[in-house]
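The two complexes that follow have subunit A in common; it is paired with subunit B in the first and with subunit C in the second.
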Partner chain A sequence: MAGLLLSPTEKIYILHGVQDDYRSDGRTNIDYRPMELETDVVSHASGSARLRLANTDILVGVKTEIDVPKPDNPGLGKIDFFVDCSANATPEFEGRGGEQLANNISNMLQRAYNSSQAFDLKQLCILEGKQCWKLYVDILILECGGNLCDAVSLAVKAALFNTRIPFVKAALMDGGSVDFQLSDDPYDCKLLEAGTAPLLVTLCKIGDKCVVDPSAEEESCSVISLIVGITGNPKYYSKDAIETPNFKCKCSTIGMNGPGSVAPETFKNAINQGIIAANSLDEALGRALLRERQECNNFKKNSYGFLK
Partner chain B sequence: MSGHVTIRLASERVNHCVASSNELPRFYTPGEVISGMQDFMRGHGTYVEDDCIKSSVAGVMQKVNKLICVRPLKSRYVGEIGDVVVGRVLEVQQKRWKVETNSRLDSILQLSSVNLPGGELRRRSAEDEQMMRKHLQEGDLISAEVQSVFSDGSLSLHTRSLKYGKLSQGVLMKVFPSLIKRRKNHFHNLPCGIAIIIGNNGFIWMSPQQQNIVIEENKDEIENYELQPISKSDREIMARLKNCIAALVASKMMLDDSSIMFAYEESLRYDDVKELLDPEVMLDIAFLTQHRLNSIMEE
Partner chain C sequence: MPLDYRRFNGPEDSIPYNYYTKEYLKSYHELHRELIDENGVRKDGRTLDEARSLCMFFARTDMISQAKGSAYIELKKTKVVCSVFDPREIMHQNEFSALGQLFCEVKFAPFSCPRQRRPHAPDAEEKALSVALRKALEPTVCRHLFPNYQLDIFVYILEHDGACLAAAINAAGLALADAAVPMYDIITACSLAVIGDQMFVDPTEAEENLAIMNPEKDGINNGLITMAVMPELRQISDFRQIGSMDVNCIMKATEVLQKECEKILPNIQQILVLNVVNSFEQQKQLEKEAKEREAALNAKMEEWKTLLNAG
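And now, the complex of A and B:
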């Protein structure tokens, strides 16, 4: 991220604040700033979402295509992430400037989704060993105000929740090749189950403690940040919640950013803090998505997008 | 805001407008025709094309007799002599510091226009120039006054008064310069125990009130004082002030000590400071503040 210049005394103020668990805008160390979410913003995508967290603005579109499954996983579909850093976000993204950051984020997502407990790829299978759905998740960063990973993962999950896959009406076996007939009716489709999709939580180490959702000032006070991917809890994503008592969120990936180092004790605390944060994120996201779906059912949805 | 996370839907977006009469002023966009050339003169923010006066910025039109100006909604800070600014030192150069003040060009603080701490007089020597970084280094925040404006619009600052100089622990907020109300005094000790500097350039600095430390004291002790942690109660008040200012800015209300203090008093009905981050609460505070300002105007 862009280096912001801070004076030593300002840094001390932020550091003491984090130690007191009281940050400069009154949040505690595991509080997020308010977010705004809208799904189904891109009419020609299978699923889409837009998320705004403070000054970070993310647009995600999901595209579906029929593909041949990998020979070692014949029963699984595919998912692919592509992050595009728009030069509108910051001038540094111009040309190839944002490429490294984009690759980092898409690799992080790929790794977080790469577990059967994180996102069930079986639901993308059409005909085992022959055909499957491939999801292209395109992420566009429109404005960059810090805490990109968290915002991106939330927007991706919302877009996947919103994704519709057409039903296959008939299949023709013609020798070795398969021919499909897809339903023409745009409403004749199934929704993806995205309840377990992972969320990324960035933990910024300031002093001995970690904070989530750092502001730009806080980011420049820390030398290292941990990114943990935590699987979601499907009970937040359906109305007739089936309570699974032993359900535990699992950590599916860990990444680190920055030149600093982390002591084992801090590391453990950070992951626990990440799991708590991811759980509350997941709950809030699920509630918002269900509410939006409810609104869609009640009346024709108006799209707000960037205006209003 | 009860939990740790709130996600609201776009359909629940809050409109931050608090204008008492519901009509908004007419906005002009760049390139929009304002009027014919016949009996008007073009002022700032306009240009002439095809015998028409057109706007060159996005903003509201102001007419003085026959002169037409367009005041931009958002712009960089345009300095005037005597303005109080808060700035950040970017670079230490030969005999001067380069300071970021949110104007189009970086401002300059000459070594000859600073007072050394402790009121000690400066000797013009090479040694003295080498000590510059000891005094102000990159990243330091200062409060200063605009001494003069160069022909290219860049500012020359001075800190030749005890009230100006390096700032220690506190919070900096950046707002639009156009929202700062010009006042005689921009240094305020608010009744809630916080000192605030409302810079004309849109930088607002908040810090706990100094317990009148004597300037002549040992320099080490001052430095020690700078590193002391700030009490939780002061921190809470500063966070509340910060969120109040953010609420006023979201509703595009003018900022001065009275509007900030009103907003602070209105915000006390919300116990938890982080509640003030919620857009609905922000609108509520801005609305109540506007109401109080209006009632004062009527009296």
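And now, the complex of A and C:
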């Protein structure tokens, strides 16, 4: 954050607050700031979502294309993430300025979605070894107010939940090549199963404790943050919830950001804290998405954002 | 991927022929069964919790004479060269940076990987490894001592047989120490693969490949962890994990990795101490030779003096 100057006393004030689990804006260490989420905002995309978390504004669109699967994974589809940091967000992103940050975020997402327990690529398969769906997840950062990773992962999950893939009506094998007939009816499509998609939680180390969703002031008190990707629980994302009793959230990726280092004990506590935070976030997101879908089905959708 | 047009690149959609060999078409279970025999011994004769840091480890410094410091590390078949160059001023920089910058580059040799040929232009994996290396090294270098300067660290992976990031970090730590860059601590790293709830310490390439493959059965842990540690300060400087693991697995893996990283430390220390001892001996030898030469010259002088006086 440019132009943010904190005196040592102010930093100590923040640090003591974090130690006592009571932050300067009244949140506890695992509370997020209020956010706004809206799905199905871009008409030309198969699925889309817009998320606003404090001052961070993110728009995600998912496009689907038909592709040939990789020879070493003939039964799996493909998913690709592209992050675009537009210069609107902050002047620092101008030219190639945002490139490194964008690469960082898309790498993180790619790694988090790598495991089949995080996102099942089998559902994107059309004909094994011949054709599959490829999802292009394009992430546009409209405004940058910190905590990008978390916001992006939430928006991506919402957009994937909202993504519709047309049904394939008939496939003809013509020699070696395949011919498809896709359904013309725009409502004749299947929804992606995105319940297990991971959420990234950034834990910012301040003193010996970690906080989620740091404000700009808190970010300047910390030298290292931990990014934990936790898979979601599908029970939050379907109405006829099938209760799986011993479902456990798993870590699909862990990474570190920033020039500092961390003691092993702090590290372990941080991961546990991240899982608790991700769980409650996942539940809230699931509830919001289900309500949104309900409204969509009843054609009573209220739009709130600037896009409509 | 940007193409290098000065070379002949071959058709764009070519794939290696070994994708169609018998070895490649084996299922997950077959591959898993092959990795370990009934006595719990891996293909290269190690047990599950045995790293290559003891009997399969070789390291040396002073590989590259032009560099300020350099190191070569070998973990059986994983071979890595690292060189560190003098700090230089950062060109074309807009603002003054109070902390020195590290520039890291990890490069695979084109023939280093068993599966595919590496392209000449840096690909996504190489870029990710470079970033990981920089993040691991940043906390250990005293960067405040060279503000507005940049330190170049180049790692070349000659042969890749698993744990290449860990080997790269170890080599870079040794090379930095060899270059006499001020550091808070020596840095060591180790990696671990989890395949079907079993932990393979310091995995080979075959084990790594299986760890990131998706198992057919759901609910079991699999994945890959690399951790870099500053052993004396007991701090984790980098930790990266992919795959899917539950919390208990990660906690256990962290402890195992911490122990392994501490085990590598004596290896590195030994090399550095030996370097100091060697240079002392070299110094002594040089001094002795210098004295001998001086004595010889003095003797000659005396001889000439007597000759002149006689003449």
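Structural remarks
Assume the second predicted complex is superposed on the first by the 299 of 308 C-alpha atoms of A that agree within 3 Å, B and C clash if a C-alpha of one lies under 4 Å from a C-alpha of the other, contacts with A are read in each partner's own complex, and residues count from 1 in each chain.
Basically, a residue touches a chain if its C-beta (ideal position, glycine included) is under 8 Å from a C-beta of that chain, and two chains touch if they have at least 3 such contacts.
Values in this document were obtained by computation on a predicted structure and should not be read as measured data.
Once the two complexes are overlaid through subunit A, subunit B and subunit C fit side by side, free of any clash as defined at the top of the document. After the chain A superposition, the centres of subunit B and subunit C are separated by 100° when viewed from the C-alpha centre of subunit A, nearest 10. Applying the stated contact rule after C-alpha superposition, one finds that A:Q117 touches subunit C and leaves subunit B untouched.
Of the two partner chains, neither subunit B nor subunit C is touched by A:S43.
Shared-chain residue A:P8: touches subunit B; no touch with subunit C.
In the superposition on chain A, A:K268 contacts subunit C only, with no contact to subunit B.
More residues of subunit A are touched by B (comparison of subunit B with subunit C). Within the superposed three-chain model, A:N103 lies in touch with subunit C and out of touch with subunit B [touch as defined at top]. Judged by the touch definition given at the top, the superposed model places A:D72 against subunit C, while subunit B stays out of reach. Of the two partner chains placed by the overlay, only subunit B lies in contact with A:P34; subunit C stays clear of it. Contacts of A:K248 after superposition: subunit C is touched, whereas subunit B is not reached.
Superposition on the common chain A brings subunit B within a closest Cα-Cα distance of 13 Å of subunit C. The intersection of subunit A residues touching subunit B with those touching subunit C, taken from the two complexes, is empty. Taken together, the subunit A residues at the contact with subunit C in this complex read 71-72, 76, 103-104, 107, 111, 114-118, 226, 231, 248-257, 259-264, 267-268, 271-272, 275. Listed in rising order, the residues of subunit A touching subunit B in the complex are 5-10, 12-13, 16-17, 19-20, 22-28, 30-38, 50, 154, 277, 280-281, 283-285, 287-288, 291-292, 295, 302, 304-305, 308. Put simply, subunit C touches subunit A in their complex at residues 15, 19, 24, 99, 124, 127-128, 131, 135, 138-140, 143, 212, 214-215, 218-219, 221-223, 225, 230, 233-247, 250-251, 254, 258.
Subunit B makes touch with subunit A in their complex at residues 1, 3-11, 13, 15, 88, 90, 138-141, 167-172, 226-227, 229-230, 232, 235-236, 238-240, 242-243, 246, 272-274, 276-279.
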